[in-house]
Every structure is written in structure tokens, then in C-alpha cells.
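There are structures below to look over.
What follows is a pair of complexes built around chain A, which joins chain B in one and chain C in the other.
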Partner chain A sequence: MTLVLPPKPRTWPKTLLIAGALVAFTVLTCLPAIGGVELDFASIAKNWRHGASKLAQLAQPDFSFLPRTWVPMLETIQMAVVGAVVAAAVSVPLTLWASRPTNPNSVTRGIVRTIINVIRSVPDLVYATILVALTGVGALPGLITLFLFDLGVVVKLVSEAIDSDKHAYLEAGHAAGATQFQLNRALALPQSLPLFANQWLYALELNVRISAILGIVGAGGIGRLLNERFGFYAYDDVSVIILEILVVVILIEVASNLLRRRLA
Partner chain B sequence: MSALPAPPSKTQATVWSVIAGLAILACLVFLDVDWAALLGLPKSSWEYGVLMFSDPTWSKLPRALFETWRSISMAWLGAIGCVVISIPLGMLAAHGVGPTWLRLALRGLFAVIRAVPEVIIALILLTVTGLTPFTGALALGIAGIGTQGKWVYETIESLNDDASEAVSAAGGGKAAVLRWALWPAALPTLMSFALYRFELNIRMSAVLGLVGAGGIGSMLSNYTNFREWGTVGMLLIVVIVATMLVDLVSGAIRRRIMEGSRARGLVRRR
Partner chain C sequence: MTNTAHAAGAPASAAWPIRLENASVTYPNGTAALKNVTLTIEPGEMVAVVGLSGSGKSTLIRTVNGLVPVTSGSVTVGPHEVSALKGRGMRELRSNVGMIFQAFNLAERVNVYRNTLVGRFAAQNALRSFFGVASPDDRRMALEALDSVGMLDKVWTRAGSLSGGQKQRVAIARALSQDPRVMLADEPVASLDPPTAHAVMHELTRLNAERGLTVLVNLHLMDLARDYTTRMIGLRYGEVVYDGPAASATDADFEQIYGRRIQPQDRLGAS
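What follows is the complex of A and B.
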């Protein structure tokens, strides 16, 4: 008996097609005439010393600046916490509306999903810029920006996670004659609470990072100080702030990982 | 007679929730916010909404589309640069691939890059490549390495060991394990993350526009500063539509890639 190998699948035409499409798209993005990016590697070779000297200055943090960062950093953490908590509270009903098993009505589901998609597609700094114009410089525009951003992230990710899960327990509740509200209240919500908690903590982590940028447009927090020191070319202070953000982000990550393990 | 087990103590949980609640309350109370402005916000956002969207300045649309393509280009090239660098580095940072010292060094590098705001990276690069979209693409490429590298090593570490063991048992070295066990199993997930990086960059490129790297973000922040609300409204519509379109296409491709990989059963579901 001879062993007959199955013929090798012919994959190269497909691979070639995909590679060709990728190359074509990349070439289009490199055409300055239609708005693409002009790849100017020569300038790196010519000017890399400027960037290197900036990096060298950044590598010498001046820790005597640290006391001046406490108040803005505290404001950033406050903004991050309040934004995340308010978004968490609002995210629960919206998520349950945006997910198929918890809201069988396709019209309201579609409306909520569209709103969330629109909220998500506006970059955070754009919100901050416009809100600063509306309400004036301060923590409020930053707070609202973080709230909107967190809302988009949590509702989108959790509702998709609920969509992709199996829901035998919902069927059981349905068979027992529960209304949709009772199902959501007694079954879906407790069941998806770990999913929620995971994303809430993630939103809190992101908030600290984002508020470093929000200060640029005047939306309060440590970012305002960062931007100010950068404007004064005080790179030794800038690196202190960056290190402080790094420490705070890592602390929040560690704390939220501990919490996640307990909640799981 | 059977005694019921004592109900588990809730003291600890209660104490922690009270502490968390007090902390949140403290954050709220001591936050220096002009709450009166919040009350006026619905009215003022309605007024500005009317200014922006009642008569969007469509005459500037061609320019807006040009700048949109510039943003997409920055995001795409940045994503390519980021992915090309972070895949090899991230693989070396995975458990069981690179030596321990290299793994720790690379993970430290990723953490530092994640902590530096994109805008700072862009501002440093400005001194090298000037106020050009190229700077934006470079900044996106470098800033993304921190997160992308983390995703790469987490993906590699979440793979089943079976294929790696089979390659080792057949006499393959570390390089063979990488090429024939880890790479084919991780590829769909890595490609999906690469596209996701592109989506993230689209949002981030608007941020870089603020520091003058060009693209739709520059235009938007300029016209906001000019208080030309009709143009701002038009630009917002363009940004929202363009972002949703990119998300739609990229998301469809990602789903196609990932469902292929799930059918092969190589990636352990998390």
C-alpha cells in the first residue's frame, strides 16, 4: 500500500493578493500630493543630535522639583477617579441596553450603540479642546472628557463581551417567566459584574495616562504643569513628572490587578 | 443533626467598600471644579451645537479630506513601524524565548515608553524632523511600541505549549520553536493587534495634530482657536465619519482573521 499525500493547498495567489493590497495602500499613504506622508529619513541622519541632546537632558531628572507636583498630581488622580466612577455608574444601564441578550429590542439597541460609536469616534483631546472653549480652563472640561472616553470604552467592550457569551441562565430565567427587567436585574447584572469591574479598573488606569495630555489644552491636572515645564525647556522637571506618572500608573495597575484577582 | 455552615464573614468586604466609598467621596469633594459651570453646560453646548451643525462650512470639505488622508497616512505608517519593531522585541520579551536579563530589560523599556505621553515623544521628535507629518508617523510608531510589545509577549505566553514541545522533541532548537510553533500560532492574533494599532493611531493622530504634526487634528484645533464654529462642526462630522469607516473596515478584517484562528484551535481563549 502506498501512502498518498494530500495535495498541498494552493495559498500563494491569496497571499500575493493580500500583500499587493497592503503594498498599494502603503504606497498611497506615502504620496504627499494627495495628503500622504513624505518619508524624510535624511533629516533623521542630519538632525538626530538635537533629539539625542533632549533625551540626555531628560535623563537627568531634578528631584527637587517633586514637591511642586503633588497638588496637580492629586488633581489628576481625583479627576481620574471621579470620571471613572461616574462613567461606571452610567455605563451599567447603557451596556445592558446595548447588548443583545439583555435588550431584545433591536431599535433601542441600535440607538444606544450608534450613540456610543459616535462618542468613541471623537478623539479625547478634541473633546477637551471644545469643552475648554465651552466651560473655560480648569478641571471640569477634563472631567467631562474622561467621563465620555470611559463611557465609550466600557460600554463598547462589556456589551461585546456579553454578546459573545453563552447565556443558558438567561434562558432558564426566561422559561421561569421572568420579565426582561427581572432577568437583567437578577441574572445578567451579577453575571457580568466581573466584566464590568475589569473595564472600570482599566478605565481608571487609562484616565491617569490621558490626563497627562489633557493639560495641553488647559483641561487641568498634571498635564498642565507638564506642558508648562516643557514650554520653559525645563527638561529636568519634565522627566520628574513623567517618572511620577509612571509610578502612579504602575501603582494603579498593581492595585487593580489585586482587585481583579479577588473579583474573578 | 446537620448544622449549617456559618455564613462567610462579610466584615472585610464591608470595610473595604466603606474605605473605597470614602476615598471616592473625598476625591469628589476636594476636586476644585466650578460646578455652576456644569449646570450651564447643557445650555451652552446646545448653543455651540447650533453654531457648529446648523450650517457646517462644506466649502472647506476638500481641504478636510486632504488632511484626513494625511491623518490616515500617519496612522498607517506609524502602525507599520510600530508593529515591525515590536513583534521581534515582544517575542524576545516572552517567557521561555529570550534570556532573563533581556526579557527584564525589554519589559522595562516597554513600561517606560508606555509612561511617556505621545505628545512628549512628538515634541522631542520635532527637533529632529521638524513640523511635518513624518514626525507624527514616527511619534505614533515609537509611542505604540510600549503597548504593542506588551500585547506581543502576552500573546506568545498565552499560547499552548504543545506545539513548542513537539518541535523540541523533534530536535528543534529555540529558533525552530519560534519559527514553526510560536509564530504560526500567534500570527492571527498579532495581525489582529496590528490592525487594532492602526485604529488606535487614527484617534491618536488627532492628538498629534495639536502639536503641529499636521493632519485633521491640526485643522480642528486651529479652527477651534479661530472660533470658526461652522468649520469645526464640518470637521467633527468628517472625523466621526472617517473614524467609524476605518473602524468598520478594520474591524471586519480583524474578525475574519480571528475567526480563522479560532477554528484552528491554536489560540487558547482567555
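What follows is the complex of A and C.
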């Protein structure tokens, strides 16, 4: 018995074309002659010794430095938590406004999305630099920076996730004469809560890592200490701080995984 | 050939009539889903809209509560001219028209109580909506509706963990808590197994008989239309091809509606 198959669609020419275009584009961006980036691999061979001595120092963390890190680390965690919590609260109405199923009005949806895109397109270091100038060195500029950064991430990712979900219950609610606000408050919000929770927890994790960088411009927390030790070339202290950030990030991830499993 | 003699039970003063006049719906993609449909449904009638998928019956039922606006012609429900309504007026009409769906359309992560309360939203003030606190009246009406479909013991259960038949009964309770004058049902039993399907159809006839509600139910199975409804409207390609009593509709009538021979899957069968 022979099985008669319909002709198999020919997809490989298209796949090949796309793959070829991607490879060509990547190669072209590495050619300085036509304005591509200059990649001087030879310099690695020339300079690796400088880096190697730093790596060697980093490999020998000086744990006697640890007690001096407690207070700045606590400040970082406080900034991370407060920034994430305030952003979480503000993200709820903004996300529901930015999502098609929960806001059928394309004008207001477009306005919210534009604002979020603007917030997202400004690098966090720029926020921190400006805010340090405005409010002075300390935790406040870092906190506001983290808040803005989290808001951009949460609203964009969650509103897109809500867009791609099915929301049949909204049709039933509209058929019963409910307003969009009532349905968002009573149904769409609890229905989308796991999507929110995922990004809120991710924002908290990001905050700890970002605040290490924000210290460079004086925005408080462990980052300031990190920057200071870098300035003194105290790489043994730097590696203690990096290890500490690693531990905190892992702890937050473990905790958020536990929470996520309970929320699902 | 409208047949009002089949209106079930005593005519209830609360029920509303439905009138479509030359109603047409053309979707933005150019599909003409409904073509010049004119029909009158008297208060308290139990009407089946029968047709194959794509015949326009989903569109027809959605013009009644304005979920699908008519492109031309008019739809009148009770005192309301549906095509002229928007905003508050549209919500006022919809609060009087209950609707249940093939996919039940419950919020799965929300409990049965909160899902049922949605039927009271049109009557709820903004402050109560914001804080999510129902008034004692709204609470009572939602719980009574759940009780009348036998779902009161599941009131704190998440909708997502109910069976299909239970979900459809909660959906009916949601519609009943509106204290509606018209009940719409879009393929209410197409996702259910035969015994549950018969139970839900029986529930709809009970609402029609006991509350005197005008009931408009979309079906594609001929025996359900014959056994549970009094009047049948047949749709094919968006046009009314049959309008008459349901019980005495012949196989030939169904073949005309379907536009093909009767097949075994056109019947659900007894349970």
C-alpha cells in the first residue's frame, strides 16, 4: 500500500535566504572599512597580562572587608524592595491602560504606551546622574531610578502578555452591561495576577544588580562602596562585594521561585 | 409565518419582545454574515436559531445585545432601539439581556461568587466597584441565582476547577442575577457531553416557563431544537430560510436549513 501525500511545501529556500542575510549582516558590521565596528583581537594577546593581575587579585577575596559592606548592602536591598513595590503598585493601572483587551480606546492606549516607551528608552545611568544632581548623593536618586526602570519593564512585558492572552470573560461582562473599569478591577486583574507577579519579582532581582552600577554616579547603596574600592584598586574587596551581590541575587531568585510556584 | 401560539407559559409582563427589521451585518473583512433579516419574537417565546457554523446565528444573537452592531436595518429590544445606543444607554439595555456562551466565558482564576456578581455590575455604583464590595441586595441576588441553578455549595470554588456543566450553570446564574427580561444563549451545550447538555437545555426551558423570559438559543442539533423549543428560525448564509414551530419541523425542513442531507452528527441523541 502506498500513501499518497500532498506535495510538501518548499520552505528551505526561504530559510536559507533569511539565514544568509543574517550571516552577511553580521559579517558586514565587523568590517571597519565600510563603517563597521573594529574588533582588534590582537590586543587581547598584547594586554592580557594587565587584566590577569586584576583577575588574580579578584580571585583572592579579602573577607575581613565583609563587615564594612553590611550597611551599604542593607541600603541596596531597601532601595530594591521599595523601588520594586512602588513600581508594582503604579504598574497595575498603567498596564491595564496599555493593553488592548483591558483598554479598547486606542488613543489613551497609545498615549500610555508612548510614555512607557520614552521611560524605557532613557538609560538608567542617565536617570541616576540627573537625579543625583537634582537631589544630591544618596539613596533617593537610586530609588527613583529603580522605580522608573521597573515601571518600564513591568508595564511593557505584562501588557504584551495580557494582549496575547484570551479574555472570553470580558465579552460576557460586556454582555451583562458592566463597564470596562468594573471588569478590569474584578476579573482582568486577578486573572492576570500571575503575569504581574512574575515581572514584579524579576524587577526586584534586577534592582539589586542595577544598584551596583548606579553607585558609580553616587546613587547610594552597595554600588557606591563598589565604586570606591575600584578607585583604590582594592580588587580583593571588590570581589567580596561581587560575591555578596551574587548571594543576594540567588537568594531573591530562590524566594521568588517559591512564590511563583504558589501563585501559579 | 411568526407563530406566537407557541409562547410558553403565562405571558410575563417583565419579558421583552425582540424585533429585527431588514437587519444586515457585514464584517470589516467583507463577509456578509446577516442579510436583510426581518423577524419578530414575542415576549416569553422560546426560540431556537438553527444553522450550520457560519450560517450567521452567532451574529444574529449578538445584534440583540449590541455586541455586534448592525450595518443596516434596525434591532429593537423592548423599549430600546439597539443600533442607536452607546455608552450608558447600551449598558442599560445589556443589563436587561442575559447571555450565556459556548465556552462559558468565566474568569477561571476567580471564584464562583465573584464571577456571578458580574451580573450585578450594571446596577453597582462606582465606589462599590472600586473597592469590590457588593451591596447586600446585589449579594443576595447573586446568591439566589446560584441557588436556583444548584451551585450554591460551590460559591467559594475557583471557576477554573469546575466541570463543564457546572461552569455553564454558573454562567446561567451570572445571567440570572441580572434579573433579565431576555435570555440569549449562543450554542450553550456545544462544549458539553450529552447528559449535561440535556440538563442545561432543561434549565433554559425552566427559566422560560417559570420566569416567562424571552429565550433565544442558538443550536446546530436538530433534536435539541425540536425537544426544547417552541419556535425555530433556520439560518443559511445569513438569510432566514425557515421560521415556524420547532416540534413539528420535518427532516426535510432541516435539510433545507442545512443545505444538505441529514447526517448522524446532526442529532445529539437521548441520554
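Convention: the second predicted complex is superposed on the first by the 227 of 264 C-alpha atoms of A that agree within 3 Å, B and C clash if a C-alpha of one lies under 4 Å from a C-alpha of the other, contacts with A are read in each partner's own complex, and residues count from 1 in each chain.
Definition applied: a contact is a pair of C-beta atoms (placed from the backbone, for glycine too) under 8 Å apart; a residue touches a chain by one contact, two chains touch by 3 or more.
All figures in this text were calculated on a predicted structure; none of them were measured in a lab.
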Three-chain arrangement built on chain A, chain B and chain C clash or fit: fit
Partner chain in contact with A:Gln191 - chain B first, chain C second, else both or neither: second
Contacts of A:Val122 with chain B and chain C, given as first, second, both or neither: first
Contacts of A:Ile34 with chain B and chain C, given as first, second, both or neither: first
Comparing the two partners chain B and chain C, which touches a greater set of residues in chain A: B
First, second, both or neither for A:Ile250, with chain B first and chain C second: first
Chain B versus chain C as contact partner of A:Ala172, first or second or both or neither: second
Shortest CA-CA distance between chain B and chain C [superposed frame, angstrom]: 6
Residues on chain A engaged by chain C in the complex (per definition of touch): 168-169, 171-179, 181-183, 185-188, 190-191, 193-194
List of chain C residues in touch with chain A within their complex: 65, 67, 90-99, 101, 103-110, 114-115, 117-119, 121-122, 124, 126, 129-130, 132, 171, 174-175, 178, 184
Contacting residues of chain A [partner chain B, same complex]: 25-26, 28-30, 34-40, 43-44, 47-48, 50-51, 54-55, 58, 75, 77-79, 81-82, 85, 117-118, 121-126, 129-130, 133-136, 138-140, 143-144, 209, 212-213, 216-217, 223, 226, 230, 238, 242-243, 245-246, 249-250
Chain B to chain A touching residues, read off their complex: 23-24, 27-28, 30-34, 37-38, 40-41, 44-45, 48, 65-70, 72-74, 76-77, 80, 111-112, 114-120, 123-125, 127-130, 132-134, 136-137, 203-204, 206-207, 210-211, 217, 220-221, 224, 227, 232, 236, 239-240, 243-244, 247
